[in-house]
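Note that subunit A is present in both complexes that follow, paired respectively with subunit B and with subunit C.
Moving on, here comes the complex of A and B:
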């Protein structure tokens, strides 16, 4: 350990330099560990069973299916319109409900707008749990609960939306300057009045931004929710895939791509103006 | 304070022009359109709204069924299937890294001709727009309903995101070191090794970890189409309405996802922000 004497006469001990050799050894250990885990994940029985000989056997059969993707069955289009509309309906409804529920919850989950540690912590823990489950798993369970159709899909998307919007917006509230909130509190406002008159207008552009972002995610998600029976294009995907009609699947994928690109660019244009 | 008090004698102040209120018609129009779309969606969707009234009671009943006495006997199988899902996520991430890292250099400005660069960027965004579960449906005709299909689908999706993040990171690298290596006569590979990599390595490592977190969630979902793993197990037990087992599976998904996110998040923070600053010992 070397020592340094500062201008005002204090003696400071400088911690030892990180030694190069140790770091190199550490890096190699990390690389070997990654390789070992990768080998384990690829292993038969234990891992994903990467059996390439079966792939070689299926190749000819599969290749013709994949070639079918290149020639979409345009005549199938009329049958896709209704599921496509349902997909968009689910996305819009879920985003609307999710946004309405999320705004008060975001204020609840942020420190400046909810000083009570316990209620804030409880909501955050609950939302961390909600966020840990992907929306398709929610949909799979909800379909068994409330039956096939758009309703389980919408509920699954709302759960997903609330998890994301509340997290992002409450982080934004906590990162914002607390001056206006303090001023409103000093002027005698109750926490509720302060939140309504200061925090809400302040966070509104960010909140709308996240809502649009969630709409983009919902359009992607609602296109496949039907695979578990939750309505929309996914139901159709499930049907055509069981008949191996990859030319029809190709048309559906194309429609998803067009819708996703249109919604994404519209939403991106609006979001650029918001922020 | 009156206006007269500030008026300099002998001069008449012109009246202050109040600027016109900013026009609000754009935002009003936008909100009207949004409200119309939402109302239209609610009005036209085919949902049995009557079912909604006993939904809360139903959900409470099912939550009770799932969690009041979970079948812990299924825990070992659930953990094994979770391991398979995580293995799928890991293998998919590794494959994606191997493919995407060289490609992101090709897609970055300054390493390949513009047509190649643009074509590659188009490919990345095309891949990102297709949900992984659809990629899996496409490739399962070749690979069959095995976890390998899941890993390959995640790898394809991973190439889309890692490729994009990669070239953005490479383009964000400061130009100084790159110019210095070029000026010293370095070849392209030397420019990458000594000019680009030292600056972008932390970002790359953190992207890889982040993509692994995404893949852990996605791999659970891929099980739904039958490629194995926790999602596969979850669909079969929900179809048989074995709620106590479904409860166990959901608990396992939540615990595993939150733990992996926490571990990977801590690693990413350590990589991006460095070690916590240590105070010099005062003597």
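Moving on, here comes the complex of A and C:
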């Protein structure tokens, strides 16, 4: 018990702060532990051996590349148009397919909209596997299966999108109030009817929100996927990089930046209308 | 299983189905976490009654009302509504049963982003083909029933508004309309006015009374305010710790009876006032 005097002179008896001391000590121990582990991971032999002195020795190599990146080769623009358009097409198609697949799967993966523990768990394990595999690996394997071009890139992006959308949207469903679902169940609807008539209208804005976010991710990701031959700007990036044309690479990066900014502002405008 | 509307004028939906009675025998509800919701409840509610169930929170009111439509499974004992067993019903049979029992909740439980009409049409789910529900379309007959239900609670003009844009009292009316659209034999209301201000609470209780008196539907309503129970119930059931401690006409329930139900002296918060 401690005493506090208010402005008008009254004395309040304040209850003791619960386990305050212990918590502060624990917090400091945790901070120190994190610092120690971080230092350990960077130490030679034990950790990843991050040699900071290398930065001092080699920074000039990187600097020349940065200088080249600061002077984009504008004349290169016409050759980038077709791959850029292909990248956008891949992103849009993959987002559309991914979204259509993701909505029912999101309902399937969330507890309030799918009370059956086994089927829900099975889908979640599958989605964890889908998310664990990097999209670049999907693309590399798919290029080997279906050949070089946009198709393997699109399939890789769809898998990537489904993994993200289903996780975020199903978590949104689980965080939402289950009262409306209970009411529809009490009115005698099947789970499918309840989900469609009550869960879908309420989850739709969040779902469209994640879809727009994924579209933006796809533009960036599809540029990388080209590195393994899955179409789009990535093929071009790989080509100019192997010729050390950092001025041309700079232009491509600028184009991706512009597209991402445009999508971001467009989705922000759409989102305002949704909410 | 008479869900078809009988009565004057083919095609109209005005005629209410015959009200159901409720029979509970030695009902025990124990939740998975060990809490006992109902402890040996025997109850007969006659068709067409308007029953007020009173008790403090945790007394088993919600458990009682939820065993009637199977939202809460009974651990032992039997529950019958009309001529049907609830406690043994599963799957399609249970859904068909629930489709004939309307339910109203404290927090309205509407899909906030959907229109008022869509919310009321949830009351038609057991009558709608699954493909229609998935496409979001309903038959003209179902829509007519929904509009009529909205008209009955006086908010037909709000049909195409988003449910979340309505006031609390209006939202509870939408919920009542959703229950009415089921053309129910029985309406259950779980603390329907606990989230509303006093004048609105009386309006909503008035709506429930009209459903009972004009349509003849059996109404069971959970309340924790004794003046509402006295005013609107034709019969009062007092619950305490999962057992029935009072059963009789609400008018005869003195303050002493309420103190017995609540297990403590009455406070000013136990009445709504007006």
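By definition in this document, the second predicted complex is superposed on the first by the 206 of 275 C-alpha atoms of A that agree within 3 Å, B and C clash if a C-alpha of one lies under 4 Å from a C-alpha of the other, contacts with A are read in each partner's own complex, and residues count from 1 in each chain.
Definition applied: a residue touches a chain if its C-beta (ideal position, glycine included) is under 8 Å from a C-beta of that chain, and two chains touch if they have at least 3 such contacts.
Keep in mind that this is a model prediction, so the values were computed, not measured.
When the two complexes are overlaid on their common chain A, residue A:105 makes contact with neither subunit B nor subunit C. Once the two complexes are overlaid on the shared chain, A:15 sits against subunit B while remaining clear of subunit C. In the superposition on chain A, contact is made by A:37 with subunit B only, not with subunit C. In the superposition on chain A, A:192 makes contact with subunit C only, while subunit B stays out of contact range.
Contacts of A:184 after superposition on the shared chain: subunit C is touched, whereas subunit B is not. In the overlay built on the shared chain, the residue A:134 is in contact with subunit B alone; subunit C does not reach it.
Annotation for subunit A, partner touching more residues between subunit B and subunit C: B. Look at A:84: by the touch rule set out above, it reaches neither subunit B nor subunit C.
In the superposition on chain A, A:63 makes contact with subunit B only, while subunit C stays out of contact range. Residue contacts after overlaying the shared chain place A:236 against neither subunit B nor subunit C. The contact sets of subunit A with subunit B and with subunit C never meet. Subunit A meets subunit B in the complex at residues 3-4, 10-15, 34, 37-38, 40-42, 46-51, 54-55, 58-59, 61-63, 65-66, 69, 85-86, 88-90, 92-93, 96, 128-129, 132-134, 136-137, 140-141, 143-147, 149-151, 154, 220-221, 223-224, 227-228, 237, 241, 244, 246, 249, 253, 256-257, 260-261, 270. By the touch rule above, subunit B contacts subunit A in their complex via residues 30, 37-38, 41-42, 44-48, 51-52, 55, 58-59, 62, 84, 86-88, 90-91, 94, 126, 129-131, 133-134, 137-139, 141-144, 146-148, 150-151, 217-218, 220-221, 224-225, 228, 231, 234-235, 238-239, 241, 246, 250, 253-254, 257-258, 261, 278, 280-283.
The touching residues of subunit C, counted against subunit A in their complex, run 69, 71, 95-103, 105, 107-114, 118, 121-123, 125-126, 128, 130, 133-134, 136, 175, 178-179, 182. Touching subunit C in their complex are the following residues of subunit A: 177, 179-180, 182-190, 192-194, 196-199, 201-202, 204-205.
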